[in-house]
Amino acid sequence: MNFEEIIQSVYYKIKAIEDRGSLASYIPELEKVDPDCFGVHISTIDNFNFGIGNYNDKFSIQSIAKVISLSLAYSKLGEKLWDRVGVEPSGTAFNSLVQLEVENGKPRNPFINAGALVVSDILISNLNSPKEDFLSFVNSLSSNSEICYSNRIATSEKNVGFRNVALCNFIKSFGNIENEPSDVLDFYYNLCSLEMNCKEVSEVFIFLANDGRTLVDNKQILSKSQSKRINALMQTCGFYDESGEFAFKVGLPGKSGVGGGIVAVHPKQYTIVVWSPKLNKKGNSYRGMRFLEEFTTKSELSIF
Amino acid sequence: MNFEEIIQSVYYKIKAIEDRGSLASYIPELEKVDPDCFGVHISTIDNFNFGIGNYNDKFSIQSIAKVISLSLAYSKLGEKLWDRVGVEPSGTAFNSLVQLEVENGKPRNPFINAGALVVSDILISNLNSPKEDFLSFVNSLSSNSEICYSNRIATSEKNVGFRNVALCNFIKSFGNIENEPSDVLDFYYNLCSLEMNCKEVSEVFIFLANDGRTLVDNKQILSKSQSKRINALMQTCGFYDESGEFAFKVGLPGKSGVGGGIVAVHPKQYTIVVWSPKLNKKGNSYRGMRFLEEFTTKSELSIF
Amino acid sequence: MNFEEIIQSVYYKIKAIEDRGSLASYIPELEKVDPDCFGVHISTIDNFNFGIGNYNDKFSIQSIAKVISLSLAYSKLGEKLWDRVGVEPSGTAFNSLVQLEVENGKPRNPFINAGALVVSDILISNLNSPKEDFLSFVNSLSSNSEICYSNRIATSEKNVGFRNVALCNFIKSFGNIENEPSDVLDFYYNLCSLEMNCKEVSEVFIFLANDGRTLVDNKQILSKSQSKRINALMQTCGFYDESGEFAFKVGLPGKSGVGGGIVAVHPKQYTIVVWSPKLNKKGNSYRGMRFLEEFTTKSELSIF
Amino acid sequence: MNFEEIIQSVYYKIKAIEDRGSLASYIPELEKVDPDCFGVHISTIDNFNFGIGNYNDKFSIQSIAKVISLSLAYSKLGEKLWDRVGVEPSGTAFNSLVQLEVENGKPRNPFINAGALVVSDILISNLNSPKEDFLSFVNSLSSNSEICYSNRIATSEKNVGFRNVALCNFIKSFGNIENEPSDVLDFYYNLCSLEMNCKEVSEVFIFLANDGRTLVDNKQILSKSQSKRINALMQTCGFYDESGEFAFKVGLPGKSGVGGGIVAVHPKQYTIVVWSPKLNKKGNSYRGMRFLEEFTTKSELSIF
């Protein structure tokens, strides 16, 4: 059975069962999305592409962007990056301050909010025009060049972002933020507001399945070893307090966002992206998790 | 370059650098081992075997045994097992009681001590002669039938095991231990006292590289899906608070023990075992970690 | 208005309102008590005594005994005692292990279970016949000599005491218990099983209102300064996570037990004891708390 | 021996011993104070006043102001106040975020920073001109009318106040701050910047020794019961994680500030204020703690 057949059969199976998730409520604008959207797209390193459902509709990628910003920061700083952010699963919720207090302001990993704020701070210090340069980087990863920030989403998140303001100032109080908290937060909200469709996300992430090289122009974004390490981090830390569950049930490195998107990477093979906005209790797309579990079971292709 | 060459070259390189670890001190008997021992053994699913250094010397496998007991319990209970123990990384030290208190006695995963105690409790409830039956199981996994418990080690650990007594009674107070704590602890100390050499460990674990089937008699110990899940758990939780680091640097599922052993599994390919008794600050073999990092870098064979 | 009138008027007022508490459920024997019992007794340092309701019925004093054991240990060790147990409120539940882990086995104060276990350990090391000698000490504090342990209660608590076994072994693992955990626990369960009536408790505690001297034979049990310090400790730590509330609403040093007893001490004036078995959510006698709040409001006699 | 003699003898004794404290370093301006200053002042409810040393020199009262703001908020809201802030000791450092996370944004008590921020928020919502009105309130409590904010100190604290920004936004994220965080913080920094001398502090606080009535014009600021409750709160929570120690060694309700001031209240008798800028490890004036311990020992006047 080939990918096209498997994806179709799993897609319709999951579409038919009740969607028990609920829309993200903490960012008002995210509640305005059509809750029934459901799209899937796969890109393989030998250039096979296939999408189904709403795979061409843009959605807010939210925390999925944290992998892209980490990749850019890693390419700029190399291993020095890990002096400022750890590589261990957190064992707590995505916006927890508890561990930061115990560990003196060094976030456990780059995918919890605290870690993504430190990575944002690093990019601000290392890019000439942070927002523009970051957007150029995203657009350079695939053939598509229409990926944009959403002002509407960034503003909506900013208006309710007291917890992130708290996190950023808390880390600053330990000396692990160099720039003004308000600048770091502005960059961070824009980062999370990126709007992409399933096809774009799978194309942008393909360099992580391809030992660090883009498909579009064969450019080495990260070294082979760095690329593997990003995948390892997604495996152990990509789903907040459901990371173990995702490794256990899906068996691929991946990253989710509260916009309902999930990207999974099968090294040396493919990237697959699912989008469905309603979230389970841990904050990950309900249908996305179900789809990927069935998909790796049926394809018998997990890394384990 | 083949496995033999890679292993030899990495072995001598690591042997030449200073061993900065120190012997486990909390179990008196473990301090009596020769600190300079250093052995490696690989077993592939197509029956290639190669060892170097002290790969034929028995050592105390300690927590490595937790993967074997989990496999047996999983084969007995199936998915019901996960009602009593979780699948998430802990984010804290191996013998922490904090998370248990917050999560009402359900250990975060089967590889922290709390989780291994619950798995031991399950085996006691499900085996006729727990200690004998478990030993038979271990011996049935490979062609070797001389694997034994060490009374000396079990007694040594029992004599200083106040923290484990605390853990077991604490979980019992939440109702997640069915048997007498003293019986559970006795079984647990025996389990951890198993003495094996690198060759035996790599042979015993080969079923996890082989989709759940033993090589010796092609017996299906776990289903393919269950076998993958054990590997995923080792990836996210196998090295206590250094699990992220191991995934990051080595990129294979694995499990360590305070006796200085580490086993790593490359699904569909091989198992590799390193033993060197001196431990780094997180309690994992110093040379073992270094060896495996070099080995996967050189072989370019990680799962990511 | 004198004490007799105030106590009578408050007693009947509280008796008339609904008792919203519920019986302690974690020790089976404690559930067998008549839930409607309600007794009060006051003893002043000028030898006025007055009781009402079930003030002559014996009840299980439980944690109230921790003040007596602390007093005896303090008289034996002096200020060295505080090397092994702290004097700060815990901010957590009475049987929490979390803080112990963070603070390396030194309990925050002598009134949480952990602290009382360390005090028990100290007494075992410093008394010839710990159980007998402790009972003699209790009986020597008042004219009454019929105070006894309850085997029935001690055994009942022991049978469900997994959490206390956990606590004691946990502290032992940090080196802050000298004796065998089973011996310490046996002493501790007996201590908590003491049966006394309101009159006896108020007479036993009167030395703490009298600068450390008993009324019955004017014996100096503790120095004036030590006696004040015990009162200060009851004020800040006597009611677990409701200590602030008790200081706030009642305004006297005091100690409660899950048997439904509460003793309060007004330094240089009196001791007052209330017993009513049904407990509020924080584990303190519902009517006892209500009675004492009204009593100090009406008498206008708090220390603040 | 009368107060004058006791204070003189204790003052010279403490002055003669080595001051082992060190200046508060986290607010730059506070480091500029003369570290050798040492003043004491007592005010009794029968109008006896006595000062020694630098009792007439202004210092930054810092957290001592939290008692005054709490008193004003309590007089405005009555018991409703406790819906938004608790009355229990925290068991953690003064600026901890951990407990807030566990308890959903309701600070444990009004004297940790989190609680004082909520009280500031309440005052902003309930005063017409918050800063002016609060200053008038302070000046109305004593005959002195020259108490002022220090712009210099408020600005200095604001410039390094990332932790407080974090705290305030964190509480806002739970919905327990009504106003803009920047307004709440501005009010809070001004509050803490009040400059007073020992004499002024003892006069301002005398209403808490006098059942809620000022001495200067016999005005009832708080009811008798409310005044007692503030004293009880100072007793259990006034010294952060050294509250138990202060109750234990000094035996009076009190409040300290990182400017090196400590006020203690003996209900129905007096207030006493010590100022010496060098702090012990828990952040309380080294000499202040030593002085008060000796003072209550010598005067034999503690509440216990």
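Every chain is named by a letter (A, B, C and D) in the order it is written, and numbering of its residues begins at 1.
Going forward, a contact is a pair of C-beta atoms (placed from the backbone, for glycine too) under 8 Å apart; a residue touches a chain by one contact, two chains touch by 3 or more.
Just so it is clear, the model here is predicted, and its values are computed rather than measured.
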| item | value |
| --- | --- |
| Each chain counted as touching subunit C and subunit D at once | none |
| Centroid spacing, where centroids are CA-atom means, of subunit A and subunit B in whole angstrom | 32 |
| Mean-CA-position distance for subunit C and subunit B (Å) | 47 |
| Inter-centroid spacing, subunit D versus subunit B (mean Cα positions, whole Å) | 55 |
| Subunit A, residues touching no fewer than two other chains | none |
| Topology of the chain contact graph, where touching chains are joined (line, ring, star, complete, other) | ring |
| Subunit B partner contacts - residues on subunit A that touch it in the complex | 86-92, 99, 108-109, 224-225, 228-229, 231-233, 235-237, 241-245, 247-249, 251, 253, 267, 297, 300, 302-304 |
| Subunit B residues touching subunit C - in the complex, by the definition given at the top | 96-98, 101, 162-163, 165-170, 172-173, 181 |
